[in-house]
Amino acid sequence: MSSGLELKDVTIRFGGLKAVGDLSFGVGQGELVGLIGPNGAGKTTVFNLITGVYTPTAGQIHFEGISVPGKKPHEITRMGIARTFQNIRLFSSLSVLDNVRAAMMTHLKRGILHSLTRGPVFQKEEAAIEAEALELLDIFGLADARDKNAKDMNYGDQRRLEIVRALATKPKLLLLDEPAAGMNPSEKDDLMNLIRFIKERYNLAVLLVEHDMKVVMGICERIAVIEYGCKIAEGTPKQIQCDPKVIEAYLGVAAE
Amino acid sequence: LSSCKKTDDSVINIGEVAALTGGTATFGQSSHNGTQMAVDEINAAGGLLGKQIKLHTEDDQSKQGEAGIVAKKLISRSKISALLGEVASGRSLEMAPIAQAAGVPMISPASTNPKVTEAGDYVFRVCFIDPFQGTVMSKFALSKGWKKVAILTDSKQDYSVGLTEFFKKHFAANGGTIVGEQSYGSGDKDFKAQLTAIKGGAPDAIFASGYYNEVALIAVQARELGVSAPLLGGDGWDSPSLIEVGGDAMEGCYFSNHFSNEDQAPAIQDFVKKYEAKHGAKPDAMAALGYDSAKILFDAIKRANSVDGPALRDAIAATKEYEGITGKITLDSQRNATKPAVILTIKDGKVVYTETIAP
Amino acid sequence: MKRYSAQIALIVALAISLGVSLVSDNIDAYYLDIALNVGINIILAVSLNLVNGHTGQFSLGHAAFMAVGAYGASIFTLEASQQLIPMLGGPSAFATGTAFLIALVIGGLCAAICGWLVGMPSLRLRGDYLAIVTLGFNEIVRVILQNTSGDGPFGGPLGLKGIPPHSSFFWVFALAAICVYVVASMVNSTYGRGFLAVRDDEVAAGSMGINTVRYKVTAFVTGSFFAGLAGGLYAHLRTTISPEGFNFLKSFDIVVIVILGGMGSTAGVVLAAILLTVLNEFLRDAEEYRMIVFSLLLIIMMIVRPQGLLPSLPFLNRKKKSA
Amino acid sequence: MEQFFQQLLNGLFQGSIYALIALGYTMVYGVLRFINFAHGDVFMLGAFTAFGLHKWLGPTFAAIPWPVSLALTLLISMVVCAVLGMVVERLAYRPLRNRPRLNVLITAIGVSLFIEYTGQLAFGATQRPFPELIPRTAIANTGGLTISIAQVVVLATTVLLLVGLRFIVMKTKMGLAMRALSLNPTASTLMGVNNGVVISFTFGLGSALAAAGGILYASLYPSIEPFMGVQPGLKAFVAAVLGGIGNIPGAALGGLIIGITETLVKGYSQNVGIPSGYSEGVAFVILILILVFKPSGLLGKVEREKV
Amino acid sequence: MLEVKDLHVSYGAIKALHGVSLKVPQGSIVTLIGANGAGKSTTLRALSGLIKSTGSIVYGGKEIRGLPPHKIVSRSLCHVPEGRMVFANLTVKENLAMGAYLQKDKAWIAKQTEYVFHLFPRLKERENQAAGTMSGGEQQMLAIGRALLGNPKFLMLDEPSLGIAPLLVKAIFERIVEINREQGLTILLVEQNANLALDVSNYGYVLETGSILLEGPSAELKANPRVQEAYLGA
């Protein structure tokens, strides 16, 4: 059994619309893979399939050898898959810090009754979690905003918080849906560095959906291209950039 | 913490709990009007024991829970010597233990559920109780030769449930047959389903033990469905709006009551006139009972020559053959009023007296 | 020591409840009654706030759980206490107290079980759909109780009477303090952030590893349990209960306290429970204008202070524990 | 068998009156996304307006044929209540426009209490007889089945309103604006929609429908009192949710289902030993059963949210 | 055409704009660039009346500050907001019809709808799909198309390239220029893709924490080393 994520002949239909069709690809351990394609190609849908928001009409999805479809989103997260949302979905009335804390709940060893004791063990655990959350926020330069409400942050910071929150679940595989959207080119540069950094630091595999080719080509080790829900190409950034099918469907003539 | 409010010794404080607003406000307002009239009269006549009567009225909004609170409020804040109310048995039951524990005599004008006065020797009532009224109507039906009766009960009202229960018991034990038993909840407007089912049993009469609000509509709909059997009921029917709403459909129906405002006895006509002058409508049974409950209290105060709890209690308990608007009232050992019931019928859009049935 | 301020506050609150209880005979019966109502309303509102405020599930049926608790506890007291008290060593304060506590807990558990039964299928409904289902449950409970036989254990439309007045200052406020402590502690922990996360965005919460169903059911069952306790206390304060007293309008009353206090703000809700209960007494003097004044105040309050009396401020949630 | 058909008819008419009230309820909900608990109270005001009108103009009305006086009464009361609804919206709801919906809900409860208790103060607590706007005579009495004119008028009005409302909401520009506004008020104002006007219109229309409902209801059940709107309001709410709240045909369907089942349970439960009083809970039992299996109501669209 | 002077905006206690002044001449494309949180979207929201502001906003010679949004739209000022804000449960067609809410000329609406379908063929394919179920990029297309149906004379675009595939980004920008040239539409463009924005625009402003930091003809800005370092990703 291979480790990492494995999709085999995955299909999903919405009514008459085949949003994803017979899609197969994988993400190995510690790999950074790009998933690109035109608008409406089915990229976000693939994320939704992997994370249990949708159940595939046909096909198999395995993570570390365990079948994913049919599992609830929270169970999948506990298996080690975390994601960000293209349309930002933070816990808008919670503070920045609490957004991260909520995501760390998965790692608590004790349940709700424990919080009623409020004893030393509990206090220690809470302190440790707060420290850990702050450390993550600090990596993304959000530690100063810890007490701000998530909904009062600007778009770019909300995107960063999405990533921090996903990381807080301690995933083995991180799915990023257009993380650079709404950032300017220099912010995108910073983001690329951050993604590389967290990938090494936390030993992550990353699946990245992004329309900014500079980001995709800059950090991905391998790229899959889909159109109308089907894979049309897969390879290294170099190969993809020169693939005529990809150029025609997606990149346009002169991809920088 | 404890209160140091000075009590006003120049008056006699009497408490009253009534539903002045909310779902059963129409009963509460009537009984309050009656009570208030009695108080005004006695004050105009110089009061009692050389003092004026001060009536403290609290509204319980027709809500469970409220009656108990205001009873406590009246007893501990207004320092009342006696408590009048409530019309509804459920709420009287809430007040009764409080009055009993505080040693304040309580007289309920119209709570007909037997359990009310079981709370203790300080709790009285001036109306007859459900078993009596249920039996009266059963006797009446049998005397009319109606052997097959259908029953329509308001399952939200303990009053209606109680009447039905005692009617059924007596009726079945004395050769009658119940040919259909249906229920509804107060506030309902559509009774066609129940009436259609009742129609199937071809009853000689229908015992509708609920309040007039629904009974008027029941009559209208029964006639619409072609059911012509007369309706029978209890004192809960007593209100001018029974005929206003029910109209022709009420013709030939019968109900038992504490008094008839058509009764030509001078005391009654005097009361009716005074009431009409003040409120622009004829008094209903609740008003008469409210009036009687206050008058019986005043009578007892006079006899006891004191407003002391135990003395007053004993005086009330000794009430005998008191000539009230609602009949000659004697309080029995269970502190319930034993008095006759009158049977009224609706004829040409008027409530007319038919007969009196003694206890 | 600051870390343990919650426990300290709880102990202080319990001690005060006991202390006041010992001298409660000297308190004016009416004022004492209002105080106890305040305490019961605190339990009802704080527990509903866990469901509506913190977890964002909109329940309009809290009075139903209160009813279940009230009937459960009362029936136990009326039917079983007599047998139980001798077993506990005769009619001592200890024995009656224990029997009462058992009755309350039984009421709470009955309510919690109902909460679970209703919650499991209906908590996947959203927003107003859940509201109407809980409201419907409320009405069903009332209708069932009302249509039972008058001689049966539930007493039909007249309900139960002659329930001994066991709800003393101690019981009411000790349980109110415990309720506030439990709800505040549940929410103010990393685990408890899950309730808030579910409220803000269920899909995102699921994707962050939060078992949303479990959280919703936990909130609902806990809320129901405390509503049941409050119902038991209410029954043993009023000494009579009837189905009509637990109709959906009673649920509205509790929702009003929660929203007026500030959704998700325990301190605000406690404050609102106190203010509204007391206001209700003050408004008695307005007589038939009472509800008109009340409704106008409600509308004006929503307009000038829509976030509630005390919007959910984390530091207040963390510190204020005593009732 | 004859009895069964009579019960079905009873249920149909009972259901059509629920449906009638539910239409207005669901429309207001569909646009404003809040449960207008005061709907039942506007319904009551509609009946009282008609009542007052007849007290005032009784002789005049008696002189003209009933369909004309009914139409006039309906029209005037609907206008009065529409204006009233818009005033309430202006004063109580508009200041809360961008607030959480629960606030609006509490305000609605406040408005509802206000109308009820002011009504009780103004009209008194006792029920009053409602004038016979529609002759209370039976039109059919064939085969033992009875149908009254009032019942037929109610059914016809319900159908008419159903079609009319659906047309307004689905086919007119105002309807489009109403739907857009319900989804995203910021975006709709960016399209040039005057949200205030649309909301006022919705409220006015909803209140007019409530008034019509109140009058027809009172014609069927000719006694009116200040709390008369509470129960029908609740039933209409259940009907609206049952059909899929915000969905106009759904509300009508919901009303019919509740009316018919309720009637059948009332009519036959006693036969199996269950007191018919339990029928009060029937609407809720159906509601819960249906929502458990179809969480968005019978005709409600499953709002699958794109993630 | 549009002149903004000393615009201030706060969100509660937070001040988001501290005196922004800018000019958008008739027929031009002006761009507003800046880091996350600089206040670009806030500026647009203030211009279209969605949030309260102080200062002055003069459009076509008249003060429009303080008018409600629908009044501002009726002066042909259209705003494609951040986050798209399509009407999720309405179909694509209905969304477009909402865009034309203030338009009376049916023939024009039909023509313009065809034009939008021509710009974004995907919208035509999905004309009966509920907008909320469309992909992110599809929704962005719809948002732009919807604004075009308002027959704007002045169009404010908040990050039109957000979430759009590269090929289409180019197409959209070409269209923007095309509409600007052919129909004389004045455009205020907020864009993170500063390179592209400066390429298509005549004049640019750089916004930083609520104030204008720099301004100038686009070509000059693009050559400015400070801009290059901070916003263009040297």
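Residue numbering begins at 1 within each chain, and the chains themselves are lettered A, B, C, D and E in the order written.
Basically, contacts are C-beta pairs under 8 Å (C-beta built on N, C-alpha and C of every residue); 3 or more make two chains touch, one makes a residue touch a chain.
Please read all numbers here as calculations on a predicted model, not as lab measurements.
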item: Touching both chain B and chain E (chains); value: D
item: Identity of the chain that, by mean CA position, is farthest from chain C; value: E
item: Chain whose average C-alpha position is farthest from chain A's own; value: B
item: Geometric centre distance via CA averages, chain E-chain D, whole Å; value: 44
item: Gap in Å, rounded to a whole number, between the CA centres of chain E and chain C; value: 51
item: Rounded Å distance, chain A centre to chain B centre (Cα mean); value: 73
item: Gap in Å, rounded to a whole number, between the CA centres of chain C and chain A; value: 42
item: Residues of chain A engaged with two or more neighbouring chains; value: 44, 53, 85, 87, 89
item: Shared-contact residues (touching 2 or more other chains) in chain C; value: 143, 146-147, 203, 288, 290-291
item: Sequence positions of chain D contacting 2 or more other chains; value: 117, 120, 275, 277, 280, 305, 307
item: All pairs of touching chains, each written as two labels joined by a dash; value: A-C, A-D, A-E, B-C, B-D, C-D, D-E
item: Complex interface listing, chain C residues touching chain D; value: 52, 58, 121-122, 124-126, 128-129, 131-133, 135-137, 139-140, 143-144, 146-147, 203, 248, 252, 255-256, 259-260, 263, 288-292, 294-296, 298-299, 302-303, 306
item: Partner chain C, residues of chain D touching it in the complex; value: 29, 35, 92, 95-96, 99-100, 102-107, 109-114, 116-118, 120-121, 234, 237-238, 241, 245, 275, 277-278, 280-281, 283-285, 287-288, 291-292, 295-297, 305, 307
item: In the complex, chain B residues that touch chain D; value: 21, 23, 25-26, 29, 153, 155-156, 180-185, 187-190, 192-194, 196-197, 199-200, 213, 216-217, 220, 224-226, 239, 241, 244-245, 247
item: Of all residues in chain E, those that touch chain D in their complex; value: 48, 50, 68-70, 73-74, 78-79, 81, 85-90, 94, 97-99, 101-102, 132-134, 146, 150
item: Complex contact set, residues of chain A against chain E; value: 14, 37-44, 86-87, 152-157, 178, 181-189, 211, 213-214, 249-252, 255
